[in-house]
Structures are given as structure tokens and as C-alpha cells.
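Just below sit the structures, each encoded as C-alpha cells.
Each of the next two complexes has subunit A plus one more chain, namely subunit B in the first and subunit C in the second.
This part shows the complex of A and B:
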């Protein structure tokens, strides 16, 4: 099993985008993903190991052992757990070494994701071991793997069982994580008593069922990921027209962000970007909005996100923010955009696409989209201008702004 | 040596398990009015016997109760009624059973092994299960492997051993840690003549233990056993020295040796003819 898990886990870490290097929470999340993706493998392997004593016809010899059945089981379960955890630990070690080289802040944020992956591993082992013990056949492996896949997908729909990213604005909450680890640990301990005398076996099986139920309740009712308190040591760009601030853990993005702020500073005067834009989560109201998304505020503060390290994700957000502020999409200064015509909508889309490319300093985006064809055409129109001289680009942009404001901001203008 | 054994109803039966102390290095296993079975009619009916240091054969046809007796003596099965005393310890419940298991080496007829395990690891695992202290475990395992003359195969995986070697590995499993009681259920099944001779040599070297050896093979009885217990239908038909069994020879019965004919003499009349 190690021959399968080790390369598989390392492949999962490195075949995905490596933006996580240098950011502790993203490092933790990236390394932790292997535990989620290998749930069926680990459960199947645990079932195989659990059924080994029956498969190898050891039960009679174990019944005659001076060492008690719980201790025999502990030795087997312990050895299985250690082996199945090895690949996970190795992946984290590799990820930690790679990130630690740049000595970024936020090591404790990595620990939460590491712990969550441990929980997923313990859960998978407990699930598979029970199946292997209860259904002592060579098919228990398949039953455990398929069952674990089904359960994890089902739970993943309604809980935060599977964490696929480590946004810097969020953290793995200690209380819910500890509750998960404790319950998974209880399940593993209860499993030690399954091979005992009949009365003990029944009690252990019932205990296991109760523990699993309790764990599901915890998973459903207690989110493991919570918003962080805004950092008091945000790192910001310097700029005359717009200051951009990042979480300190994202300090590695400050250079490209500074370049973007500098390009915003060169925009024509008709563009009116906000003075300060924070990365998502640095605003004090973020926590409440995250926890209560149903309560939509009248207007949210401007913020940008860094998605998988992509500069285009930042530039896209900044383009929206600059246009929103410049064209007063929120209507704070009297502009009315309710009657936006299709032609003007295309014009806005072209402006957005051009502005996005201008801010990032490139022409071809690093993402694909399923936007409607007319929107994609409008974007293409805007991006095509990026190859032109700056003078012509600005002239086009200024003319577009003038037309749009003239039509929808008459009261303001 | 074997003291005495009784067919059902022969002697007033002490249904309470008693303690008998070991005399010198001799070991005793007492069975008192044992009734044993698996849910229906009993497989063993009121068996009483005492085993002492030496090799005793347990002879009988299939279904006689030999394996059941061995499993009960190994404390794998709690008796339905009656009792067992092993080396002076009354076996009454799981905790007392566990207390004597370090003194009992048991090899089932069809014993299990992980084919990927090396022989030495297999035997060392047995030592751990028997409660041999960790400081002595490796040495005990090596001694057991040496006893069965498999030292040069110690690093061979169990799945790669021949049938005869694997059987000897099973004996090593049973004798590791020098238990005082060794219970072997048909250990020579499937062995060729040379392997059986090797097996006899090994068993003959276990001079300090109570060895109860279940077998179908009369030749093994005469070659290595001091005493013999013949079972049929859950009852003891004969218990005593091998020479005593031979005295029950009847020339008119089927068989090529006195022991074979004596064995046939102990069977019900309808089973005495072929």
C-alpha cells in the first residue's frame, strides 16, 4: 500500500498548481488535500488489514494468546495507522520544507490544516477497520473503499469535511478540530474491543455506532473553518492613487501588487479608483458577512482576493472595483444603471476586459470562462486594444467613460 | 507419565476445578468431568484425565472429540461443564485462562500464517502473543527455530517454505518460550516419511513438557509417545501406556500391527470390520 500511497500523495501535491509555496495556510491546505482524496484508498487498506487475522486463519491462535485481544488489536491497528499515515506526514514534511525556506509568517495556520488532515485519516482508518472486522471477507476492502467514497461525498455536500483551499482570511478553528480529532480517536479506541467476548463486542459495536453518529452531528453542526480576525499588520503597497493591502501571510504577492497599483496610478484622470482596497478579510465586517451570508448588507467594502496565486484574479477584482467607483455602479452619486442597453453592457464589458489586462500587464488571461458569446466578444474587443499604443488605449477608454457617464449619470454630471 | 483416565461414570467426579502443584519439574494438567460441545449434543462427555510430563498421543477417528479437547485445554473454548487445572492453576473464567496461556503452546490442525512474514518474525510474533518478555523474545524465537532445525530458513517468508518446513515452523510457534504444555492437533498431516521422522525427532526432544499430540497415525504413537488416550464419540475408550494398549490386540481384527488391532478392538462392534 505504501508503494501506491506515497507516489500518489506526492503527485497530488505537485501536479496541482504550486501557488501555495510560501504561504502557510495554503501550504497546509495543499498538503492536507491528499488525506481527503485518498479516503477510499485508506479505508480500503484499513479494511484489508483488519480482516488479515481472519484471512490468514489466525483467529484460533489469537484466541489462545496470553496477550489480551484488545492489546493484539491495538498492535495491529497501531501498526496499520502508522503505515497509512506515513505518506501524509511525508507530504506535509515536503510542503513545510518548501515554504519554510522563505520564512513567511503564519505557521500556526498550517497546523490547523495538518490537524484536519489527521482527522480525515483517522476517520478513514476507523471506517475501514470496522468494515474489515465486521465483514471478514476479501471483499471487505472494496466495500470499505466504496462505502468511504460514498460517505465522504455525501458528508462533503453538507459539511466542510473536505477542505480544498486555505484562504488567508480563514482558519481552521481549534475547538471544532479538537472535537473531530477526539471523536475519531474514540472510534479507534472502541475498535480495539471488537474482537473481545460477545458482550464486549456488542458494546463496542454500539459504542462505535454512537461515536460515528456523534461525529456526523459535529460535522454537520460545527463548521471547522472560521473567519480570522483582521490582521493589524497588513502589508500595503505604496501609491498615489490607490493603496492595496494584503494579509501578512500573502506578503509574497506584494511585488506584483505594487506593479498593479503603479499601473492604476497611470490611468487617465477620469478613472477614480478608491483610495484603499484591502484583500478580502482585512475588513472588520468580513467575519459577520462570512458567517451570515443571508444578511446582505447595503454595500460591502471593496476587496480583492488572490485565487491560487493568479495575478489575473487580483486584476479582475481591481478592474471591477475601479469601474464600480468610476462609474458609480452603486448609485451613490446619482448614476442610474437599471436601464443599461445591450450595446452599453458590451461597452462596459470591453472596458472591464481592457482594464483587467492593463492592470495585470498582459493580454491573454490565465483562466477560461463559459460566459455568453456576446460577453466574450466584448471582452475580446477590449483585450485587443491592449496591443495598441497607450495613447490610443487611453483615448478609447476616456471616450467610453464619457459616453457611459453621459447616458447614465446625467443627474450627477 | 499418564496417571489414569476414566471412561464416563468410572470414578466420582470432582466438578470443581482443583489446584495441583507441580512436583519438581513435572507438570500436570487435570481434566475433571469435562463436558464440551458446540451447541447441540456434547462432543465430549464427562472426560476425566490427568496428563504429566511426557508425550501422550490422542488417538481417535474423525469426530471423536480430539480437536475439541485440545481447544478446550488450550483455553480457546470454555468448558460447558467440568474443569481444567493447568500446572496448578485453576482455569475458571477468562482471567484465569489468560493467566495460564503463557504456559500453553497450541498448534491448531490448520494453523494460520501471513505468507509475507519471515519465519523468524512468525515465531517471534508467537513469543509476543505468549507474553514472553521483550528482552527474551528474540532469543526465544531463535531457540525455537533452532529446535525445529530451520535456522537456515529464518529469513525465508512463510509463503515460500515447503509444506514440511511450514509444519515445523508451526511447531516452533507452539514451543517458543518453552511452554510447559504443548498441544498439537494432527501436526504430521501432509508430511512425507522423512518429514515425519524429523517431526518425531523434534517431539522427542520436548522432555520437560506435557505434550498432547492428536494423530491418526499409529506409527507415530508407537515411535514417540509414552502414553495414549483413545477417544471415540466424545468418550475415553482407553488411557494408559502404549504397551498397555498393545495388550488389547486381537488377532481376528483388521490391522497390520498389534496397536492397530488394539485400536480396532476399542471401536464399537459395527466399526470393527472394514
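This part shows the complex of A and C:
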């Protein structure tokens, strides 16, 4: 079992994009993925281990033993838990060592995701062990494995349970996490009394049922991932025309971001970027918008996100923000964009793609798109200019801005 | 007492089946089919490496594995300790049961699913079933029939997490449970896995011993 789990868990950590190295919440999230992936294996193994004494026809001997059945069970369940948790702990150890090298802030964010994965493992063990004990059948391990998988996936339809990433603006909430861990711990303790005397056994089964029900209620009613309160210690780039601010945990993205702010500063004067742009979540209204997305205010503050560490994801957001502020898409100072013609729409798309490439300082994006063909055509037009001289690029951009403004911003001009 | 009409007349097969959980498997297969009809198309939200929505695993792809695995687990019986020393007569009935149980369960599963799923998806389910069945036979032969689910489920987890290639926006060539219907590598892989499973099933300890001994004399 260990021989399979150990290399598989390490593979999950590394055979994927490695942007998580150097950011604590992403490190925790990347290392806890294995806890979600191995739910069926852990539950099946627990069921197999739980039924070991009856499988080897050893129940009579254990019943006649001088030590109480709960104590025997505690040793067996404890050993099983230790063995099944070992690969999970090891993956976290490797991940922590890799991120600790650069010593960024936010270790507590890692701990939240670590705890969440721990809960998933405890839950799988408690689920599988109960089935292995209560359902004596050749099908008990497969029922435990598939059952645990489907229960967690069905619960995952209504609440976030199997996490795959740790965005810096979010955190694992302490209260709900502790409640989950405590209930999973209670389930494991109750399991110790299943092989006891009949009265105790019935009580333990009832207790297990009640604990499971309580756990499901907590899972469904308290979301475990919540927005963080905005940080007062944001780190910012310098910028003559546009300053960019990041969560301190994302400090490793400051050098590429500084380069982007510097390139924005070289844009022609017709571009009017906002003076400060925050990373998503730094704005105090983020929490309300995250919890109640249906109540998004008409003009939410500008913000950018770092998706999987990609500079293009930042540049795409920044290009949108610069264009939005320059061309007044929100209609704050007299522009009217409702009657945008298809030709002008393409012009805006070309400008966007050019600006995105200009800000990131490269030509070929690192993402795939399923945008409509005419929009992709317009993007290609904009990107084709990036290999031209800077003078010609600026002349084209200024001309495009002038045309668009002339047509849609009469009041302003 | 004369046997009732239409009953299985072979007494050995009858006693073979009596020790097996045939009704249990039948009920389970129908239950899984009903579950597939109800929620089979939902995205399961199982973790995937690719963040693309196309990488999401619908529930039916998981449920096919269970259908493939159950008849093989049911090769086990409460008389397993005795059956280890069983003879040719037993092996013949085991083979008959395995083929019949596997085909009947997959046929009834697909028939029920056909009421909801379009034909191409049914065809992909059938191809996937072949691959999972082969892997389950392999696992059962290596680890014992009760653990026949292990290799298919482990393979499934690998497929679900890594199966989708973000660069080409397609499933990898080895993802035989999700590639398009008319995909040759998937078909070959699924059929190949069944052959591997059949070989593992046929490689009984006495055959392996005989094979090794013959090689020693060569």
C-alpha cells in the first residue's frame, strides 16, 4: 500500500504546474490534493484492515483475550491511520521544504489547507473502517472505496470539499475546519467500541450515525473556504503612471509585475491608466462580492488576478483595465459604447491584444482560448504589430484611440 | 424431486452458482444503472490537473468501472479456501459464470443507460468497460478477487486527474474511457487490456509451474 501511495502522492505534487513553490496557500493546496484523490484508496484500505481479524478467522481469539476489545481496536485503527497518513504527511513535508527556502509570509494559510487534507483523510478512514466492520461481505472494500468517493463527490456538489488551488485572496476558515476535524476525530473514537459487548456495539453504531449526520450538516452549512480580510501590508511596485499592489504572500511576482508597471509607464500619453491597481481581494469590498456575487455593484474597483502564476493572466487583466480607463467604457465621462459596430469592436479587440502583449513583453500567449473566430482574428492583428518598431506600434495605437474616441466620445472631445 | 423447467440442469454449475452472490451483483448493476441515468451526466468535480471545464469527469465514467469490477469480485465465495484446490470441473464453471455474468451485467447496464445517453456515449462506455474489465481481471488474479477493484480504481484516478491535455485541449491518447468513439489507440488499448486480463486469469499457478519447468528442460 505504502509502495503505491508514496510515489503516487509525490507524482501528484510535481507532475503539474509548479507555480505553488514559494507561495504558502498554494503550497498547502497543492499538497492536499492527494488527500482528495486518494479518498477511495484510503477508504478501501481502511475497510480491508478493519475486516482483517474476521478475514483471518481470528475473532474468537481476540474475544477471549484479556485486553478489552476497544483497546485491541485502538491499536489496529491507530496503526492503520498512521500508515495511511504517512504518505500525506511526507508530501506536505516535501512541499513545505521547497517553499520554506524563500521564506515568504503566510505560513498559517498553508496550515489551513494541511488541516483540510487531514480532515479528508480522517473522514475516508472513518468511512471505510465502519463499512469494513459493519458489512461483512466480499463487497465491503469496494463498497467502502466507491461509497466514500461518491459521498464526497456528492457533498462536493453543494460545498467546496475537494480543493485544487489556494487563491491568495481566500483562506481555509478556522472555525469550520476545527469543527470538521473534531467531528472526524469523534467518529474515529466511536469506531473503537464497535467490537464490544452488544449494548455498547449498538450505542457505538448509533453514535457513529449521529456523528456522520452532524458532520454532513456542518459540511453543507459552513463553507470552509472564505475570503480573507484585506491585508494592510500589501506590497506595491513603483510606477509613474500605474502602481500595482500585491498580497504580501505573492511577493515572488513583484519583479515581473514591476517590469509590467514600467512598460505601462512608457505608453503614449493618450493612454490614461488608473494610478493604483490592486490584486484581487485587497479591496475591502471583495469579501462582500465573493459571498454575494449576485449583488455585484455596477462599477466594481479595478483588480487583477494571478492565475497559476501566469504573467499573461496579469497582463490580460491590466490591458483590460488600461483600455477601460482610457476609453471610459463605463461611461463615467460622457462616452457612449452601446452602439459599437462590429468593425470598431474588432478594433478594440486588436488594441486589447496589442496592449496585453506590450505589457507582458512577449508575443505568443501561454493560454488557450475558445473565443469566437472574428475576435481571434482581431487579436492576431494586434499581436502582429508587436514585432514592429515601437514608434510604429505607438502611432497605430494612438490612431486607433483617436478614431474610437471621435466616434463614441463626442461629449468628451 | 424433478428440477423445475428452464432451470440450470448442470449440477456442478448449479452448486457453483449457489456459493456465489449472483442476485447481489444483479441488484447492484441495476442500481448503478439507475444512478447513471439519474446523475450520470453531472460533472463530478473530481480534482483535475487541467482547469479547463472540458477536463471535468462526469459521473458515468466512474460508474462504468463499478459495473466492470462487480462480476469479478463475485468470483470470490465463502468457500474460497476450499476452491483453491478445486479441479478442472470447477474451473470450467468459473469460466462460464465469468463470461455470462460479465456480458449480462454490461448488456443490462448499457440497455438501461441507452434510455438517456446518446449512442456515441454508450459506445464509449462499452469500450471503457472492456479496459476496466481487463484491469480488474489482472488485479483479481494478482491480489485476490475481492481486491479486483484496486487496479481499475487507481488507473481511474490517474485518468481523471491527468487524462486531459490542456495544450491540445484533448484527452491523452491513453484515456480510453473518454476519447472520441472512433479513436483507434483507445480501442486497441481497451482490447489489449482485456487480453492482458485474460492472460492473467489463465496463468494459474499450475500452468505457470508447467511453463517454467518446460523452459528448464529446453
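Operating definition for what follows: the second predicted complex is superposed on the first by the 412 of 413 C-alpha atoms of A that agree within 3 Å, B and C clash if a C-alpha of one lies under 4 Å from a C-alpha of the other, contacts with A are read in each partner's own complex, and residues count from 1 in each chain.
Rule of thumb we're sticking to: a residue touches a chain if its C-beta (ideal position, glycine included) is under 8 Å from a C-beta of that chain, and two chains touch if they have at least 3 such contacts.
Fair warning: this is a prediction, and the values are worked out from it, not measured in the lab.
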For the overlay on subunit A, clash or fit between subunit B and subunit C? fit
Quick check on the superposed pair: does A:93 touch subunit B, subunit C, both, or neither? Answer first, second, both or neither. neither
Please indicate which partner A:380 is in contact with in the superposed arrangement: first for subunit B, second for subunit C, both, or neither. neither
For subunit A as apex, the angle formed with subunit B and subunit C - C-alpha centres, to the nearest 10 degrees: 50
Touching A:108 in the superposition: subunit B (first), subunit C (second), both, neither? neither
Mind telling me which of the two, subunit B or subunit C, contacts the most residues of subunit A? C
Is A:72 contacted by the first partner subunit B, the second partner subunit C, both or neither? first
Thinking of the overlay built on chain A, is A:52 touched by subunit B (first), by subunit C (second), by both, or by neither? first
Between subunit B and subunit C, what is the shortest CA distance in the superposition, whole Å? 12
Which positions of subunit A sit in both the subunit B and the subunit C interface? none
Contact residues on subunit A for subunit B in the complex? 52-53, 56-68, 72, 197
Any idea which subunit C residues touch subunit A in the complex? 21, 24, 28, 42, 44-49, 51-52, 59, 62, 66, 69-70, 73-74, 76-77, 145-147, 149-150, 153-154, 157, 161-162, 166-167, 169
Touching residues (chain side subunit A, partner subunit C) in the complex: 4, 8, 12, 15-16, 33, 36-38, 40-41, 44, 48, 137-139, 141-142, 145-146, 149-150, 153, 156-157, 162-165, 308, 368
For the complex, give me every residue of subunit B touching subunit A. 71, 74-76, 94, 98, 101-102, 104, 106, 108, 110-115, 126, 128-131, 173
